[in-house]
Each structure stands twice: as structure tokens, then as C-alpha cells.
Amino acid sequence: MLSQEDGALLAVENLDVHYGDLQALHNVSLRIPQGAIVSIIGANGAGKSTLLGAITGLNKPTRGKITFRNEDISSIHTHDIVSRGITMSPEGSRVFEKMSVEENLLIGAYLSRARKKRRELLERVYGLFPILKQKSGQLATYLSGGQRQMLAIGRALMVDPEVILCDEVSLGLAPVIVKDIYHKIVEINREGMTFILVEQDVKRSLRYSHYSYVMVKGRIVMEGRSAQLPEEQVREAYFGISRYA
Amino acid sequence: MEVLLQSLVNGILLGGLYAVIGLGMSLIFGIMGLINLAHGDLIIVSTYISMVVALKYSGNIFIALLITVLVMIVVGFFCQSVLINRVVDKGAEPPLLITFGLSVILQNVLQLIFGADAKSIPTKLAAANVITTPWFSISAIYLIDFVVSILVILSLHFIIMKTYFGRAIRATSGDVMASELVGLNTKRVYAVTMALAMITASIAGLLVGMTFTYYPTTGTEYLIIAFGVVVIGGMGSLVGTLLGGIILGLAQILGSYFFGMAYQLFFGYVVLLVILTFRPQGLFANTK
Amino acid sequence: MALGGRVALVRWIVLAVIVVLLITLPLWATQGMVNVSLLVMLYMAVGEMWNLLAGYAGLVSLGQQIFIGLGGYSLAVFTEVYHLNFLLAILIGGVVSGVFALVISQPIFKMKGIYFAIGTWIVAEALALYFLNWSFVRYGLGFNIRTTYNMTTDYLYFISLVVGLGSVLLVYLIMRTRGGLALMAMRDNELAAEVMGIGLYKTKLMIFLVSAFVTGLAGGVLYLNISFIQPTAAFSIQWTVAAVVIVIIGGIGTMEGPIVGAVIYVVLQQYLYDFPGFSMIILGVIAISIILVAPRGIMGTLHEKFGWEVLSARRNPRGMKAVAGSD
């Protein structure tokens, strides 16, 4: 079973990130084992998106290190990080509005190693999300919220990565759809994909992940195997109640 | 009546040329969201280069075009990496002022090297009429302008819609962050787009040089035409750019038909101002 | 606090000395210097007005030549055709510019950002074309402005002095009023300013009209100096180029910037008089470099690094410094 002593695929060590004078992350450390689903739970403004941004090279850390397969990726450009095997389904999906569903997916396989197997990757995405196949010729701008989220995840899959970061996948979606998406994430994970899920919903995060970190105001205040973290305590930490804030 | 018909025909043919003039600006704006105020001057620079090469190689237009394209790609690369990439995410003002400064420099450099007299690219095609009907005739050079322009627009359309790199261009113009996240080097996409824009500018420059006379300051006129084409046609849309060119061309020629030759440019400017006031997003917004 | 008061006093004394020197310039300087100072004063005014628009109100105009041309042509037409006194003609030029600005403000203000910039440029080009075809202004032949033939350089200098110093004073007063605060708020965050109830449209319009008026006056005096006017030159983008270069190099968003910029501009033009293209190329390169490297220009960077601010838009810079703890 997974233990935190396994060689971490992705590690974040003592990370600080600043926006000008404002410090968004304080001494954040994480270990993401290969094949795990790790969730990061926190309220708005806790720093979750900033953390994902740092991992994907969208923000530059002011202190600390991020390593992937033992390589320091702290100061590499986003597209180079992606070519090493990390990608993200960003907050709000950010699909390419004026391109069709299929074009969105195909551009996901832009990098050479993915491009070679693009037909195969495409079939896999369509298998997981049949609705995308149905709407493959339609412009992404006409999709519903849930379909966009599926498209974003599908596009991330097309990159043929090893790690997928998911930023607030459930935002603004009906529970039924969110459940479906999470089931698909678990299914993809069973095939070997590592996930980092950033979420506001405590219950869902604990249920679908192997390991969880709780963030409050840019700091990790709690962590542990998801199955063993008491939901109540997590909730208290999340709201920044007394001993954790 | 024949004159009106002739005007219509000329307006449409000219519109093709205008569309190519605006093409580069449309590309850059679609991708980087900035208007290059030196666009017209870059076209005229390529016109002068073509002129020099053509004169050196006894009027061989193809060599002229080839060399011009190569030079302009280098120039474009320089502008992109040294000037534009630095300010592309700093708001609207710096790119405006920098490209304005570039325009000033280019016009003065041209004036210094070539003097302020009118020039043209010598070609035997200009005067001849290729098609003559009882109602109107089509001059060879106008026809060539139009045909080449259509070819360029179709080629560009093909590249952008059907190739992998074209898809990369469309992705980058849609969402830079998401593009980076699928592994696209967006700065490189910018550079290649600039190269494409320079190629179209070179072609436009050659056609302009063969069709009209020009001065170091002609760049301003073509800047406004390019801007007009892009505004009328809707930013970033190739088909719109073609239609925008034709509308602008028609507006100019018809303006001169109704109000006199002197008012040709003037009428175009007025139409453009009207459109900027009431429908700045272009007549064809929401088409791709 | 006493130190702050002392520094302010020194500042005012230095300014007063400078003004006195300027007023007495013809007495102690060479004719060449007077001529240069004349031009500096006028370009300073043009620069201050562009800065008011772009640096403070956030309206980047590429059409200042509209008002220079209108001012110049008012001088020409009203002295040559209607035989009015030249000062009156220049004043009318300012008014004509202001009225024209009012008329085009309707459509122009609907355009935002780059559209506004190019829109003003197109209006200028259209105006040039119109004047080229207008019999009333003698088409492209233009006018010889003969009233100025008997004027001495000193006389012209004093007129320019009034315009130049007046423009700086005007900007200073504007920024000191409530309108000035509104402008700076607008420049920094338009949405927030709008929400606070500051009449954005009205403020922008006022600034636009004022700028047009003064630029028109400057245009009139400029053409008093040039004494021959013709449409292509009168409505040439070169006037705006000068304004832009002056303000960028001197320091956009500062009051002293256009002064410094104007000096550099005029002196460089004089130095490279025999190589006209070169000065513009050099100025263009400098301006671009400044935007890339030190975007706040000479005075802006000096202010940022050393706190040197001679003419401050803020009510009590010393006081704010004390409160804020640092600049």
C-alpha cells in the first residue's frame, strides 16, 4: 500500500511564493507518490491554486524547491515542465472556445511523444467521456459546464502525462456530474495516472483521495492518509479554527 | 454607368490588395492582442527592399520577393524578441508607444537612405489591360494583386485551420495559460506568427510597389488601411479581413467616383471613423 | 518638519530664480539661445498638453497635430484674409481647436485605448486631406504669414514664454484641484474611479478640451515663428511624434518631464540641423529604450530613485512622506 516513505514522484520542499509584497505560500512541503491521488483541501485564498501554479511553472517560487523525478523544476518554463510529464486542468476549465472539441483534444497532444499516439489517446478519452465523442465537431464554447470540465481533463490526458493537477474540478457543477467526473478520475488513476486534486469540498476530497493536505492561509496545517483523517477535524482546520490557523 | 461599373470592379480588385495589407496586422492582433503601429512602415520597408533587389537583378520580381521575405523575417524576429515580447503583457500603452517609436525610426531611416522622392517598382505589367469588355476593363496589375491576395489568404487560412501549427496559433490566441499547459512554447508561437506576418507584409509590399508610387512616409497610409481592414472585418478573422479589404476598397473608389479623385482617401477615412464609432468590433464579429 | 519647510522654500526660490532668468533671457543670452529657448517653450507646452492627456488622464492621443494645424491656420487665415490682430488670431486658433475637439469628442470618446489613439490620427490625416482640397485655405499652396515678418526674435520669445510657462502653470493648477485627484485616480484604476462617482466622461472631456485649446495656441505661436503654413506639414504626425518623444524621454506623468524633454528635443534638433533624419532616429531609439528600461523617463526615474520632485501633483508630499514612512 502507499506510504509516505515511497520515493516521491513529485516533491515540494519549503516553498514560499510571493505576489509582490504579499506572501501567498509559507514553507509548503508536499510529497506526491507515484500512482496516488493526493488532495489539497482549503478555502478560497488558502493558496491552493498558487501551489499548483508553482508546480506548473506559472508562478516562480521565492524560496524552496520543486522536484520531479529527482530533477529540480523550480525555475523551468511551463511548457518544458509539461514536456516532462506534468499538466493541469486549470480552474474554470479554460478550454479553447473557438476550437472544436476534437481540436481541443488534438492540441493537447501537441508534444511529439503524445502526437505519435494521438489517435490512441483520443480513443481513450472518448471511451472515458462518450459525450465528448458525441460533440466532437462542436465548438467548445457551446459546451455546458460539466462538459467543459470533462474536456479539460480529456485535454490533459491527451498530453500523455504522468501527473495531472486538477484545480477545482467541481466548481459550479451539479453533484451528479461531479460524482461522475470523480469516478472517471479514480478509473484513470487505476491505470497508473498520478493526480493532485485541489478542492474546497472536504467530504469529496477525503473520499476520493489516498492522501490529503489541508491548507489555511498559505500553510499546510494538517496532512495524512485520507481514510484516517477525521472529517470533523479537517473541517475545523479548513475554517481556520483556533489550533490550526 | 460604365464608369460606376468600372469603379465597382476596381474597388473589389483593390480590396484584395487591401486585405493582404491588413493580414499581417490581423495575425498579430489575433495572437498577441496588440496593434503594431509600425505595420504600414514595415510593408513600405519591404517595398523599398524589393525595389533595390529588383533593380539589381534587372526586374526579376521573384528574386526580389525571396530576398525581401528573408530580410523581413529577420527584421520581424528582431522586433519580436527585442521589442514586442518584452511588453506584450505590460498593458496597452507600452506596445502602442514602442511600435509608434519604431514607425518613426523606420520612416526616417528610409528617408535618409532613399530620399523623399516618389518611387516605384518598375514592371511591364502595370499599364496593360488584361480583360476588356464593353462595360469595364481590368488592368493587369490590379488583377495580379487580387489573385495573389486571394492565394495568400487561402494559404494562410489553410495553414491556420488545418495544420498542427495553425492549431497552436489558434490555441495561443485563445488562452495563453492553457496553451502552455499542453506544452506549447507560446513565445515561440509569437515569433513564428510574426514571421508569417512578415511574409504577408513582404508580399503586400511588393504588390504595393508595383501598383502605386510610394514615399518613405507612405507607411502611415497603409497603417490606416490595414487598421481599417482589420476593424471592418473584425479582429483575427481571415474571411472578415478579405471582406473588410473589399469594403474599404469599394468605399474609397466609390468615394472618388462620387466626390472626385482627391477625396478617395478622405472618404475611406470617414467611413472608417464612422465604423470605429458605432461598431468597433467590426461588421463581421463572431465569425471565424 | 522644519526641514521639510526649509526644503520647500528653497524649491520655490530656485523656481523663482529660473523664471526671472527666463524673463530676462534676451538681455543676457545670444540670439541663438533665444531662438532655442523660444522653441523649447513652445514644445514644452505641446508636451505638457500631451502629458496631461496621456500621462494623467490615460488618453493616448496620436492626433495633437489636429490642433497645431488648426491653430496655425487660424493665425494665417485671420491675419491674411481678415486682417485681424495676430494675438487675436492666435486666441481664435485656440478656441477653434477647442470647439473642434468638442465636436469630435462625441465619436472619438466612444473609442477606447488603441482605437482612440488611431482614431485621433485618422482625424488628423482626414483634416490634412480636406485642407489640401479646400479653396478657402488656398489648397496646398498655403499661406505666407506676413504679420510676423517684422517681429523680432525677442518679441516672439516673450510670446512663447507666456505660452510655455502658462502651460506648466495650468497643469500645476489643474492637478492641484479636485479634478487633478480625480485624474490620478482615473489613471490608476478607471473602474474604481467610476464607482466612486467621479464623473469620468466629464473629466476626460474637460482635459481634452483644455489640451486642445492650449495646443492650438501653441500651434498659432509656432506658425508665427515658421511664418509659412501648408496642410501636409501643419497636420503632420511629426508634431505628435515630438510630443510623444518629449514626454517619454522627459518622464511621462510628471510635470517637469516635458520641460526636460523639450530641452533635449530642441537642442538635439539644432545640433543635428544638417542631418534632419538623424535626430528623429536618435530620439526614437532613446524613447524606445526608455520605455523598455526606465519607463518613467528621466524625471520619473529621478523621482523614484531620489525623491526629486520639483513640481508635485500631490497636496503635501512632505506630509505624506512622513505619514507613509517611505516614498
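All chains are identified by letter, namely A, B and C, in their written order; residue positions are counted from 1 within each chain.
Keep this in mind: a residue touches a chain if its C-beta (ideal position, glycine included) is under 8 Å from a C-beta of that chain, and two chains touch if they have at least 3 such contacts.
Nothing here was measured: the structure is a model prediction, and the numbers come from that model.
Minimum number of contact steps separating chain A from chain C: 2.
Innermost chain of the displayed assembly, by C-alpha centre distance to the whole-protein C-alpha centre, is B. This structure's chain pair with the greatest number of C-beta contacts is B-C. Among the other chains, A has the CA centre that is most remote from the centre of chain C. Averaged C-alpha coordinates put the centre of chain A at 54 Å from the centre of chain C.
Averaging C-alpha coordinates per chain places the centre of chain B 33 Å away from that of chain C.
Mean C-alpha position of chain A lies 43 Å from that of chain B. Chain B makes touch with chain A in their complex at residues 164, 167-168, 170-171, 174-175, 177-186, 288. Residues of chain C touching chain B in their complex: 54, 60, 62, 107-108, 110-115, 117-119, 121-123, 125-126, 129-130, 132-133, 237, 241, 244-245, 248, 277-278, 280-281, 283-285, 287-288, 291-292, 295. Of all residues in chain B, only 35, 37, 83, 86-87, 92-94, 96-98, 100-102, 104-105, 108-109, 111-112, 220-221, 224, 227, 231, 262-263, 265-266, 269-270, 272-274, 276-278, 280 touch chain C in the complex they form. Those residues of chain A lying in contact with chain B across their complex are 56-58, 77-79, 82-83, 87-88, 90, 94-99, 103, 106-108, 110-111, 114-115, 155-156, 158-159.
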